[in-house]
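These are the structures in question, set out in turn.
Both complexes shown next keep subunit A, but they swap its partner, so subunit B is in the first and subunit C is in the second.
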Partner chain A sequence: MNKNLVSFLVFVVGLAVFHNAIFPIFTPKPIGWILNRYVYYLVFVAFLIITHFVLRLKPSIAMKALFVWFLGYYFYDAILFPPIPWTLFITYMVMWSIGVFLYISQDTDSFREFREPIVKTIVGEYKLAQIVVMIAMPILVGFATYKSIYPAYQEPVELRTVHPAPPATTKVHGITYPLESTNNPFRIDEQDKYKDSFPFLDADKQEYMKYVTEGGTIFFQNCHYCHGDQLNGIGMFSHVFNPTPANFIDPGTIAMLQESFLFWRVAKGGPGLPNESTPWSSSMPPWEEHLKTDEIWKVVLFEFWYTGHHPRTFGTEGSIAGSEGGE
Partner chain B sequence: MLGKNKRSITAFSLGLLLAMAIYLVPGMTSDAIAKEAFAEQVFAEEAFAKEVLAQEAVEGEGEAEIEWSQDVFYRDWEGNPLKGPVSGYPAPELGPSDYNNYDFAPSRMLIWVANQQHLYFGSFVLAVPIFCMLIEFIGIRTREEDPIMSQKYDRLAHDLMKISLTAYSWTAILGGILLFTFITLFPGFFKYLAGIFRPVMHVYALMFLAESGILYVYYYGWDRMNQDPFLKWIHASLSVLLNLVGTILMFLANSWATFMQAPGGIDSEGRFLGNIWHVIHSTLWNPVGVHRILGNIVFGGGIVGAYAAYHYLTAKTEEDRAHYDWVCYVAMFICIFGLIPLPFAGYWLMKEVYAFRQQMGITLMGGIMAWLFIIQAVMIGLLFFAANSYLHNGMARVKGSHRYMKYCKYMVLLLIVCFTMWMTPHTIVMTPAELKVMGGAQHPVIGHFGVMSAKNTAVNLMITTTVLCFILYQRANKKITVPWATAGNCWIAAIFVGAAANIIFLGVYGYYLPANQRVGLSVPQVCTTLTTLFAGTAINISMFKDSESYGEVKWGSQSKVGTYAIFLLAISFTWLMGLMGYIRSAVRLFWHVTEVVRDNSVDAYTLTIGEAGKMLTFNTLFVWVQFVVVFWVGSLSGKKEQVKAPEGVPVPAQQ
Partner chain C sequence: MNFRLLKPKHMEMTMTMNNNYIKRLIFSFLAVALIAVPSTVFAAVPDGVKKDLLEKGKKVYFKRCVWCHGIEGGGDGPSADRLFTRPRNFIQGTFKIRTTDSGELPMEADLITTVRNGLQGSAMPAWGEFLAEDEILAVVEFVKTLVQDRDFDDTEDEEVFVQDFGTNPWGTKGPYHLGVPQADIDAGKEIFTKNKCFECHGGEGRGDGNPTMKDDWGFPIVAADWQQCWNFRGARRDPFNPFHIVRTISTGMNGTPMPNFKDQIIVEDRWKIAAFVNSLCPRKKIDLLTNKPIPDFLIQSVYTEGKVSPKIDDPSWQSPDTDDRIDAPTDDAILENPKRHYIAMAGQITRGKRNFDPKTDNLWVTTRWSEEEQAVYYLVEYHLRFLSDDPEYPDSVAIQWPAKLQELYGAEKPYFILGDAKKPVDLWKANFMPKDYSATAAPKPEGYQLDVSVEELVGYGFDALSAKESEGKVEIVDSIYKQGRVKILFKRSLATEGEFDVQIPTEQFIPVAFMQWAGRDKEKDEVMAISTWYYTILKPALPDSLYYMPPIMAAVFVCFQGWVIWMTKRTRKMYDEGKVRRDELPK
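For the complex of A and B:
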């Protein structure tokens, strides 16, 4: 029997069994370090390699490229969870396809071998394949055209700058603050992360914790409806917003910012954003209209304390300031 | 590897390392040297100020004649702004009469095109003499051992210089166009800039004259100085001088751009404070200079490579194929050598930008320019793909490479995985429906790739992989015979495995540190990568001593895919260079000179990504059309010589 065909059957049948039976049955819902969907996927890949090794199957380079490409597709489409947005999926697949191309074109022989079935299909040596391609191609093009002109009712995607550059100064309650040099007046001490000091509402413990507790009280009175009681951006109202409220736990949000940046953002809210951050689509109110200056600072203090992040500082870095950001 | 001679590759590698060290050492030590010089200068200036004030007090004139003002950037040791005597006029408040425009295009676009085209050509003509210097030096060194190979090197350097000569005139013409565009469209701003940089501009013009003189003597004296060994060394020395003058020229021109971005030596009103060195040596001057030198090397290598690749693909004879294949290799060798340290120079520049104004840094990396940085990440990935593809294909045609080819697919896998991390954006573009499915703005798995800890790790691993690929390429046809071969291999393996482990460890560790400490981890990561480059290459080359050959490289047998990879690299780099230039310049937003001279023209806006992309593509296509013309002009005289060349001259690389 043709070894290419056997190899193809091993791949297709293996994938079908894995996808429809093994994976749904055995993959645990809570993701563990060992028992998780990614490890199962690696086990499946190992199964394919070992089966080919044991059966001494040596598929052609074109077949190998097909397998590798499809394994990437399968990973990004079905394994990676939760599903990634379409734009990212396309980007990843383009990269994966480039990688597959580098693999098949690493030397003249492998590239020639890869092209061989394509050339034979084009020149008509593989008659059946030629007929299939000739029928499938117009159908695919037609389908793609249909999909592209069919009206969509979704909101258009927009590029939004989440961390805009702050202004040099901001005026809150009549006082002008230079953002680069302003520090949180309540950061009199830096200790006691949330995890280390539970129960955390121990306001009598020290002055620093008193401010944190006051900030926490203000947060739970005003902010947690959107930003969540775990500060992870999943508050009870968060699901109706686009963009969703900021997730402070994420190392890419407040952990990268100075406290003065947060002070400015909280005080000015959505309307105070520059244009590149689409102020019209942010629903955060300008909190300076509802909170006192000290209260804003205390909320900021609480957010850092709770998440365990340290505010970004620039003055003390010396020679190691860097290109943090990574929008 | 650069022919049949083993010493040539050693000499070439050492030459490149030396050249890089020449550029990097001043960069690395400049802070210390600058501080010392700065201290002396501050001391002298303060002493002078006291003297003047004391004298005025004695004379009892009452009011001081010299007005002193505070520098916008420089500070003394106590952190107070440095004072200097006011020696210029305040920056003008520019109005409609300070700007001119044509109806067919905005002035901003015209100055952009003029500037970019001049920079592209300037970059090329500064890079080519660096290659010629190295190649000619190798030619001289190999003269006695292998005269044919030596002649080949010499010929190559001469041919490159011929092209550079045409490009040089072209650069000067484009420079003239840039100057006229600037004067005519932005007269108000030019007047202010000229008022401050007056002496620099004159020195620049004189240096240009010196550059031209040396260039003509160097090129036209080539054949005459070729026979006598002493004269040949004089000739080679001229190339060093040429590069020196060229580098000074570039640094002088850089000072105008870096002053506009991060000014120094003036007060908040824009008045010149009497010290021209402060104006030139503003905070971004050093990193921009080093970054541009490395960028020029990669750009020049890419263009020469593309030129050779075109000739390789269209060659009619085997000799031509062999020759141009070899030229492709030399160009790519130089190009990759420049490409490897280039990201680090970029990091240095960004560090200085953050240190100058945090706001500017955030605008670049997290603000309005952030999406352009994502595009930059994609382009850099393409460069590494192209470089690795060329190396894989180049390695495949070397006898004995079968021992290493099997590792290529794993290196490709690693590159792809790293690239996936490298370019995953922190903020993902998605529809509201997708947002709901994902459960929040951050993905629980790939969301971790959005911060610099992941990105630094990815790019360092990509560079390390490229270095490894290059090391395997170097030894592809060599059978190592030194007694310490096993130990050497173990060392190389240990260096790379250890480096990968260290880079990954530091990357993961970064997630557990505050942001200000996390960014500091990039330094040991970079050091680790550079260790693989220098230590790995050094051990590898040392192992070639008395090695046996599986057979010489069969020049002229490079695959087409590998050759097309050179085009990809050259075009991508041209586009990337334009992109980064645009970002660096556009980050000033509505300022001509940051926080000093406001751009009050109708063009003081930031382009959308699409519009910027169109301009970059136009600039790329436009410059490549010009390069084709320049190469065609350069080849007109070459065709005659080819006819005259005696037949039967052995092709050294095929022996």
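For the complex of A and C:
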């Protein structure tokens, strides 16, 4: 029997069995160290390698390339979690395809081997394949022409800078703050000491928790509509706005920013952004219109306490170990 | 209007006897009797409080939940007063999403499900992917201890009847659950009429039946809008599944006027009602993170031969709400009609006086343009349960454009909330009052005609809005309010004289945004619902080349294929004859 065909069957049948029967076993509700989707993927790849080794299958390089390419597709499409947006998916797949192509074209022999089935199809040594391809391709070309002429419009893509360069100073309620040297006046202690404290209950015992409680109160009266009850940028109204509200849980937002940067962004909001950050569509209010300076600082304090992130500092006194993350 | 059922008779009996033995006897008897009848419920006691988890649960509660639900669980946390629907008050032990009978305590699994999945359409998020599993289990135990008026440990008085919901009789599959036979949907509609569901939910299910409803605590409450099923509580990531409706009909929603119908409607018929309710909800792709339909960010205006019909009822304006990629319309006549575009709306909570409880979740926009008339038509539709009858606060809806479109550079736009000092906006605002309308009277099936007036405004910011000096060119050519839905058809010529009128080009992306004011809620000025900037484009007519270019290209490609075959064969021959060596460029 044709070893290429056996190899192909091993791949297709293996994938069907693995995806439908074994994948669910590896994705239980509480994810474990062994029972998770990535281990499943490794097991599947190991299965392919071992079966090919045991059955002494040596598929042609074109077939191998197809397998490897599809394994990448499968990974980005079904394994990787949470799912990635399609633009990112396409970017990854382009890179993956280039990688596969580099692999097959690394030397002339393997590249010739890869080309061989294609050449055989063209010259008609694979007669059936030649007929199918020669008929299908012009039809596809005609169809593609139709699709490209048909007036179809995609929403224009707009890029924006998420973390614009901050100004040197910002003036809030009549006082000018130099951003580099301004610290949160309510950060009177190291926040990790209050990991297990209770807002409200400990507010009259611990001064720090008093500020966290006040900050949280302001957050849940004003900010959660967009930034969410979980501070993950998914509030009741977040889906309406474009750009979508920031996710503070993400290590790429407040975790890599100084508190004074947050203070500036909160105080000045969308209209205070430079043009490259599309100030016209940001729904972030200039909070100086709604909140007092102290209230802004308390909200910032709360956001770090709730997410467990530490604000970025620049090696000044009182900087907290492990706070330089994010880069 | 409180429909909560009294406790079953046998419970009162056992309570008076207060005899555990007799109670158990009756209990087992009842269980046997219940197994014998179809569509069975089974009796149980609520899951008691697991004391060892309380310490951990308290920690989670006071970090994550206290902000809305309050220190004592009274639903009075800092956020409460600015939320509509308000956070749940746990003290009375009333929980919405249950498998138990109306008025009863929930099972532990019900509470876990609610915490894990959140309650869509409210501020309650899904905690399942945020908290660890053991934290969820623990916080549920702690929440049980916040219930003061009832007792989860009281096995004497708190037996519960877990409902049987049957199974999906059609075996429909998610995400869209299409393919329910029309006969069952029609049967469901009859049961809906017979049980007077329309008294609260309205004739077409938009929740426009009763403006005076209150919840158990006296706060105003509205009936669910069945045509926006993504806002159904307890239907996360699965809004089109009829199961959720069967559950709600069977168990009622504790704390709200929604009663249960388990005795009035047999379970098979509840599935039919669910099929009907679900058939009303337009199928749109749902964003898994936000649980809302993905907005159509590009509003495509369809080129129309001749004149555009100025009548909303005209077939040329009929387009299905359901996305045609999910379920293509069967009617050929509307196949080429413009799409209904979904526009997500939120309260204006950014500038000036803020609107934390908007009454409109979304708008639908359909648009056509005519070369012959040199005019563009925008049909704006939205659901609104009740209209205003106060002339000082009319209902309004507006389309916002950049007033100086041609002066914008690149992606630049005016500030999305009524413009800014440098870049003004052009606002087409329709104010309207329904004729012969009373919110409390039974709605007219043929709908209400509207008294519409158009305002054309220029905005240099939310606090710098003024009427245009130039003559108004925007017309409302047709409008209606029917079964909880407003429809307004705007018309304007592409080019006008006014200094602040947007000049509408064809085949170009034009920023556009929408605003809506609910008069009944006293919304006015910047207190409104708002969308972000969308784009609209006036699409050209289909080009003739569409019909001759594809065959030409295919023929060209056939020639190319012939050439490739010839070349490949020639190269082979050259290899074979030794004229050229493989993998070397010919010298």
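Note that the second predicted complex is superposed on the first by the 266 of 327 C-alpha atoms of A that agree within 3 Å, B and C clash if a C-alpha of one lies under 4 Å from a C-alpha of the other, contacts with A are read in each partner's own complex, and residues count from 1 in each chain.
As a working rule, a contact is a pair of C-beta atoms (placed from the backbone, for glycine too) under 8 Å apart; a residue touches a chain by one contact, two chains touch by 3 or more.
It should be emphasised that the depicted structure is a prediction, and the values quoted were computed from it without experimental measurement.
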#### Entry: Touching partner for A:M256 - first (subunit B), second (subunit C), both, neither
first
### Task
Would you check which partner chain A:Q230 touches, where first means subunit B only, second means subunit C only, and both and neither mean what they say?
second
### Message
Taking the superposition on A as described, I'd like to know which of subunit B and subunit C A:V162 touches: first, second, both or neither.
### Response
first
### Task
For A:E289, decide between first (touching subunit B), second (touching subunit C), both and neither.
second
### Query
Touching A:N242 in the superposition: subunit B (first), subunit C (second), both, neither?
both
### Message
With both complexes superposed on chain A, which partner does A:G99 reach: first (subunit B), second (subunit C), both or neither?
### Response
first
### Query
Which holds for A:T91: it touches subunit B only (first), subunit C only (second), both, or neither?
first
### Query
Looking at the overlay, what does A:T108 touch: subunit B (first), subunit C (second), both, or neither?
both
### Query
Looking at the overlay, does A:T313 come into contact with subunit B only (first), subunit C only (second), both, or neither?
first
### Message
Residues of subunit A that sit at the subunit B interface in one complex and at the subunit C interface in the other, please.
### Response
83, 108, 154-155, 158, 232, 234, 239, 242
#### Entry: Residues of subunit A that touch subunit B when the two form their complex
80-88, 91-92, 95-96, 98-99, 102-103, 105-109, 111, 154-155, 157-168, 179-180, 232-234, 239, 242-244, 246-247, 250-252, 255-256, 258, 274, 276, 309-314, 316-317, 319-327
## Note on the structure
Note: in the complex, subunit B contacts subunit A through residues 347, 350-351, 354-355, 357-368, 370-371, 373-374, 381, 385, 388-389, 392-393, 396-397, 405, 408-409, 412-413, 415-416, 419-420, 423-448, 450-453, 455, 511, 514-520, 522-523, 559, 561, 609
### Summary
Residue positions on subunit C within touch of subunit A in the complex are 58-59, 62-64, 66-68, 71, 77-79, 82, 122-125, 127, 130, 132-133, 287-290, 292, 295, 297-298, 300, 344-347, 349-352, 354, 356, 411-416, 420, 423, 509, 530-533, 535, 537, 539-540, 542-543, 545-546, 549-551, 553-555, 557-558, 561, 564-565, 568-569, 572, 582-583
### Query
So in the complex, which bits of subunit A are touching subunit C?
29-30, 83, 108, 112, 119, 122-124, 134, 137-139, 141-143, 145-146, 149-151, 153-156, 158, 196, 198-201, 216-222, 224-226, 228-230, 232, 234-242, 269-271, 275, 278-281, 283-285, 289-290, 306
